[in-house]
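Next, two complexes with chain A in common: one pairs it with chain B, the other with chain C.
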Partner chain A sequence: MRLELRDIRHVYSPRTPFEVEALRRVSLAVEPGEVLGILGGTGSGKSTLVQHMNLLLEPTSGDVLVDGANAATLKKSELRRRVGLVFQFPEAALFAPTVAEDVAFAPRRLGLDEGEIEDRVRQSLSLVGAEHLKTRSPFALSGGEQRRVAIAGVLAMGPEVLVLDEPTSALDPEARGDLLRLIRTLRQTGTSIVLVSHDTNEVVEVADRICVLDKGEIRAIGLPSEVFYMIPEFAPATVQTVSALSDIGYDAGSPVRFEETLRALKRLVEG
Partner chain B sequence: MADPTSISCENLNYSYPGAPGPALSGVSFEAPPGEYVGVVGPNGSGKSTLLRLLNGLLVADSGMARIGGRDPKSEPFEVRRRVGMLFQNPENGLVAPFVEDDVAFGMENLGVPREEMQVRAREAIRAVGLSGYERREPHTLSGGEKQRVALAGLLALEPEILLLDEPTSMLDAAGRRDVMGRIGTLRGDRTILHVTHHLGELLDADRILVLNGGKLVADVSPERLVLDADLLAKNRLVLPPLSRLATGLGLAAARPRTPEELAREIQEIIRKRAAAR
Partner chain C sequence: MNRSLGQFYPVASVLHALDPRAKIVATALLVFGLFLVDSAAGLVLVVAAVVALVAASRVPPITFLRSLRPVAFIVALTALFQVLFSREGETLFAWGILEIHEGGLRLGLFLGLRILLLVSAAALLTATTAPLALSDGLEDLLSPLKKIRFPAHEVAMMMTIALRFIPTLHEETQKITKAQAARGADFSEGGPLSRVRATIPILIPLTVGAFRRADDLAEAMESRGYQGGEGRTRYRELRFRPRDAIALAVTALVLAGAALL
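Here is the complex of A and B:
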């Protein structure tokens, strides 16, 4: 599915002294099967933006389009099934006595038959590498495990677009690595992914395209190599190092991801 | 005179009620006054438990903890007066309508006289670089600023020891730099124990304690830790990207603080190689 936001403006508490314009005329598309990384500091509008993707928030003006059709005309339940949103700290919403029951909750509400529900629970738990936790209580799991189970709950709806808002925050480096691997796996299954993060170093390792938000506006959107060499303050350590080398007269090309950058730097050093 | 050891633990053990195994077992270390000690390890390794035992939020099952020579078990109030703890979430700690009231809140509870309170609040606000913010409302501040307000509230109590429990984990890159910059200026005058998942924040620490499965598995300098691939891997520790690039290129120091520093180190090898030819 192609998800498009067109000219989205969002004002919180309009016509009150607390009025805040969180988004001003933002337009972008999530292309089928891509990983779109959304970067920006606190207060840049990242979370407000992604909550428009399944109309959890309605724009003050502008449109959300699903394969060209206005999303406002779709049933909310259908839209939310097709565009899955995983909030920051999704584990806070875990509630069932076992992991399997927790993950089964949303597909059951879709009215699927038990066999189909069971399949989906198994598939989504296996995608996040948590099948072995099926019979456990979600409350007795580690932080990283809880996070993955919560994501499985959204995957069980079979979304075509998965929006992850700061999915790695407060996880340890290993659990972070697991999540990035999960994003790569999901991408291979054809799911589009929107990854919101303030950790540029992490986003570059999985994103096909990057969108940088700043004060409710898009600063840049495009291929990582274009965006990061254009806006150094949002660039990952890899790009910043290559740029610093170019400032003192050494050309290492325009690599972005870690392994690619290390290879380029080795070539430079070895002459 | 201050006690020669600021923090001292011997064979500390703690299990959470109902948990299958101990959260902390047999942990011993000492830190002299003014030392900056990093604490790292995977989720569930016992890092936060250690901090909570040191300020008396938890009481050890066995073993000994001493803060400036005092036992948090028998003198919890004395110990808490000497220890300030900064938590992950900057939102949780802020209680008052204005920054200066928030910073003064802890002192009010201790019955510090009003005039002294004002002086100490202003001084603490200055120390975290927020002079001019006294009458701002905390909810209008950025995450990094909120965390600095929380830090000022601790400093106003003049603690001998600061316990930092992942103080930057909820902040964006700018907030993280902001808070880390401030913490850097507080070194030396007080003992700091800093728990984090970001090894990059500890490259200048005096030493780093590595916890895993509730045990203290290493007590090393940052210089040694960044080059010890085995120790890093075994404890699921990941170096910051600049250090990983440096080690990948075989650079000796492997602790570049900025991209510019790494670029100069690379320039250095290129020149050396050219000269050797």
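Here is the complex of A and C:
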């Protein structure tokens, strides 16, 4: 599906002394099957933006469109199934006695029959590599395991768009790698992914397009090779290296991912 | 953000500057004094005094009134019961079994006003006293009880921590509610029983989170060498100034006057 945000504005606590305009007329689309990376500093409006994607927050003005149709006219439960939202620190919402029951929460709410629920639980747990934890208590797991189980809890709805808000925060390097691999796997199955992060080095490895948010406005949106070379303060280490080289007269093109950059540098060295 | 009952309102005013102990004692005096006031003139005097205090606190009157909203229902209900079920004095109105008597009306008004004044005084205390100052003041006032092994410092510390974590838990509740809503939870559909059941996915993580936070806090306090009240000094020393004594004296005088009227 194609998810489009059109002219979204969001004001917190309107008409009070605490009024804050978190988003000012933001427009963007999540194309079918793509990984859209959303970057931005603290307070840039990233988390506010993603909560509009399944209308957990209603825009002050503007529209959310699902395949061209206004999302406000869809049933809330239908919208939230199709657009799966994983909040930052999603493990804080684990509640059931066993991992399997926790992951079964969303499919059960969808009114599926027991056989289907069981299938979904098994599938989504195996996607995140946590099938062996099925009968454990979610509270007895490690932080990384809890994170994976919590993500499985959203995957179990079978979302067409998966929105991940800072999914790797406070994870160790190995768990981070696992998560990026999961994103690639899901992309291959046709799920669109919105990856919100402030770690540009990890976004660059999976994103098809990049959106940079700044003070509630879109500063740039486009291909990583365009956006990162345009906005140096969000450039990953690879782009910084290539830019520094080009400043002293070595042109390595505009690679962004690690492998690409390595190849470009190799070509440069070999002349 | 919602201002609610008992929330500190940080502005500079005469009341904010008073010693928290003076304010606690004055509030206690008012609470007990109100039971001695039984004339209309006396009540009017206390109302006037409380209104003057709200003005002096520089908390916007609208904000202050709004903070009283949670108790409005209880006040109204209590007053209504008095009006309807008291059969004292002249009958003012009768319709079937419904009778309103002059004494009942008077009693209802008095009782409603008393509760409202009581809550106002308490709200004024917490609106003008920072939570930390409040618990410091309470600790000092309770410290004579340490002689009979009453854990005054510990009680004050527990109160501080509890107050400190109200906004945190509130925020946490909202986060968890949203996370469960994203998984299809619906808190507004079905009968009362299914609504109660719908809160389980919120209450469990909230409780687990609260215990984890308590653990973290205990560890953080211990790693900074906290070991209770013994020999502990304060960054802000409370000082009882002449103006605090004057405030207390004025409170006592107004209440005595109101009781005698």
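The working rule: the second predicted complex is superposed on the first by the 271 of 271 C-alpha atoms of A that agree within 3 Å, B and C clash if a C-alpha of one lies under 4 Å from a C-alpha of the other, contacts with A are read in each partner's own complex, and residues count from 1 in each chain.
Note that in this section a contact is a pair of C-beta atoms (placed from the backbone, for glycine too) under 8 Å apart; a residue touches a chain by one contact, two chains touch by 3 or more.
All figures in this text were calculated on a predicted structure; none of them were measured in a lab.
Trainee: Scan A:A130 for contacts with chain B and chain C and give back first, second, both or neither.
Mentor: After superposition on chain A, A:A130 lies in contact with neither partner.
Trainee: According to the stated criteria, A:A22 is in contact with first (chain B), second (chain C), both, or neither; which is it?
Mentor: A:A22 sits against neither chain B nor chain C.
Trainee: After lining up the shared chain so the two structures overlap, which partner does A:A93 touch, if you call chain B first and chain C second: first, second, both or neither?
Mentor: second
Trainee: Where does A:S243 make contact in the superposed view: on chain B (first), on chain C (second), on both, or on neither?
Mentor: After superposing on A, A:S243 lies in contact with chain B but is clear of chain C.
Trainee: Classify the contacts of A:V206 with the two partner chains as first (chain B alone), second (chain C alone), both, or neither.
Mentor: The answer is neither, since A:V206 touches no partner chain.
Trainee: Going by the touch definition up top, name the partner, chain B or chain C, that contacts more of chain A.
Mentor: Touched residues of chain A are more numerous for B.
Trainee: Considering only touches as defined above, state whether A:F139 meets chain B (first), chain C (second), both or neither.
Mentor: Second partner only, chain C.
Trainee: Which residues of chain A touch chain B in their complex?
Mentor: 41-43, 142-144, 169-175, 177, 198-201, 236-238, 240-241, 243-245, 247-248, 250, 258, 261-262, 265-266, 268-271
Trainee: Which residues of chain B touch chain A in the complex?
Mentor: The contact residues of chain B facing chain A are 42-44, 88, 142-143, 166, 169-175, 197, 236-238, 240-242, 244-245, 248-249, 258-260, 262-264, 266-267, 269-270, 273-274.
Trainee: State the interface residues of chain A toward chain C in the complex, per the touch definition above.
Mentor: 13, 16, 18, 51, 54, 56, 77, 80-81, 84-87, 90, 92-96, 105-106, 109-110, 139, 153-154, 157
Trainee: Can you list the chain C residues touching chain A in their complex?
Mentor: Going by the criterion above, the answer is residues 1, 172, 175-176, 178-186, 200-202, 204-205, 208-209.
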